[in-house]
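In the two complexes that follow, chain A is the common piece, with chain B as its partner first and chain C second.
Now for the complex of A and B:
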């Protein structure tokens, strides 16, 4: 299943906290599409997700400074 | 369970940890921990457990706050002099975390009442300073099968061990019986550097949190002691004693009784 989360308005550390909360609620194998901003969130969220055992499938620029990160649980 | 936005932020530094996460934080919010003694060890333990988001904290102490307590019992303030320690401690814990439920026991825990209290909790922290209370807590926790953290401090030294009744060595397995009265100094005769109580009580709180979250290795079958004057730490391995009077194969202690000893809090 695909899930969606917009953290473009959040700041560190709540960005990854919200990603973790969302990931905790979805099934293993499900995918979470996260919209986030350049800079700290883009630097930290994919790296933290990988460190904590999730699979980062995709990081792409969407528009302006917004990026899309797809994470598999 | 659903965390509010505010609680996500409050506990964000826990949730970020891979070993805690949302699940660990939920477990903490459901947990019930009993702290016996709101003194030198109980103070830091109570503050950290309240801050950590433990759902229910029981605190037991029959004393009132005395001026000589304030040098190390950091949960009590000068304005709390003569106030029951459990009340003073409850106020501070709830000031940190208004969602916390506190059960206060403004009484001595004795052979008569301790088992009924201990069995309501998931984990117990022994923050008492005398051998009689330590053996009573050990025996009650063994009988009720409630894991607990033993702790003791004196001068510059601290000692702690975690007990899982039936599975790991208990306090009595290691120490047998209380030493004869008068053979060892109690708190009224020996001093203590206040911060040492903080070190030890904080270790005990850590063991309680690890138990609830279910992570890491507990300090079982190991006795950790430190000499803070030279900052030397060591752990010695200890074993469950098959002849232990309370947790051995043929226990001789099947009912609790109070040992006589003056009680005071370090």
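Now for the complex of A and C:
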């Protein structure tokens, strides 16, 4: 299943918190598409997800400083 | 996978800004996969009181005075420029306006991320506070040795 989360308006630590909480609620094998901003979220959300054993499938620039990250649980 | 990293926070302060710092660290650490323990003692216990306002808690007269004057989560003072309790309310407004999580939201997130919260037995004894006076998320009432044992292989911070 595909899930979606927009954290472009959030700040530390809620950026990580929202991603983590969402990931904990979805099923293994599900994908989560996250929209996030450059800087801290872009640098650390994919890395933190990888460290915790999730698979980061895609990191692409969308527009302006917004990026899309796709994570598989 | 490597052994789970741990963060232990001693939440001594009941200041609004320091409570924010403690819960920011706790939620950030939990969200990035760490096991987080928060040990609340002295003024920090005010953050955990079930009653967010002022309440006469305790049996002895002095306990009751102290607890009433300290109040609960809604009475936490800013460590500087408190202006008689006005500043924490102003700051919460500023945080909302800037899309930054408020203390309430951080505490909710901490619960959701399974951050472990325990209260100091000795401080509770001095202030006449019982476990029933604290929010249900407080898992245990413990002493310093339990805290040290829990924190043996953890990063420890005192706030």
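The rule is simple: the second predicted complex is superposed on the first by the 73 of 73 C-alpha atoms of A that agree within 3 Å, B and C clash if a C-alpha of one lies under 4 Å from a C-alpha of the other, contacts with A are read in each partner's own complex, and residues count from 1 in each chain.
Going forward, contacts are C-beta pairs under 8 Å (C-beta built on N, C-alpha and C of every residue); 3 or more make two chains touch, one makes a residue touch a chain.
This one's a predicted model, so the numbers in the text were calculated from it and none came from an experiment.
A.B. asks: I'd like to know which partner A:72 touches here: chain B for first, chain C for second, both or neither.
C.D. replies: neither
A.B. asks: Where does A:20 make contact in the superposed view: on chain B (first), on chain C (second), on both, or on neither?
C.D. replies: It touches chain B and chain C both.
A.B. asks: Based on the superposed arrangement, let me know which partner A:52 touches: chain B (first), chain C (second), both, or neither?
C.D. replies: In the superposed model, A:52 contacts both chain B and chain C.
A.B. asks: After superposition on the shared chain, which partner residues are touched by A:9: those of chain B (first), chain C (second), both, or neither?
C.D. replies: second
A.B. asks: Does chain B (first) or chain C (second) touch A:30, or do both, or does neither?
C.D. replies: It touches nothing on chain B or chain C.
A.B. asks: According to the contact criterion defined above, which of chain B and chain C contacts more residues of chain A?
C.D. replies: Between chain B and chain C, the winner on chain A residue contacts is C.
A.B. asks: Do any residues of chain A touch both chain B and chain C, and if so, which are they?
C.D. replies: 13-14, 16-17, 20-21, 48, 51-53
A.B. asks: Touching residues of chain C toward chain A in the complex: what are they?
C.D. replies: Residues of chain C touching chain A: 1, 24-25, 27-28, 30-33, 98-101, 105-106, 109, 112-113.
A.B. asks: Please give the residue numbers of chain B that touch chain A in the complex, ascending.
C.D. replies: Chain B residues touching chain A: 3, 8-9, 12-13, 15-16, 18, 21-23.
A.B. asks: So in the complex, which bits of chain A are touching chain C?
C.D. replies: Of all residues in chain A, those touching chain C are 9-14, 16-17, 19-21, 44, 48, 51-53.
A.B. asks: Quick check on the complex: what are the chain A residues that touch chain B?
C.D. replies: Against chain B, the touching part of chain A is residues 13-14, 16-18, 20-21, 24, 48, 51-53.
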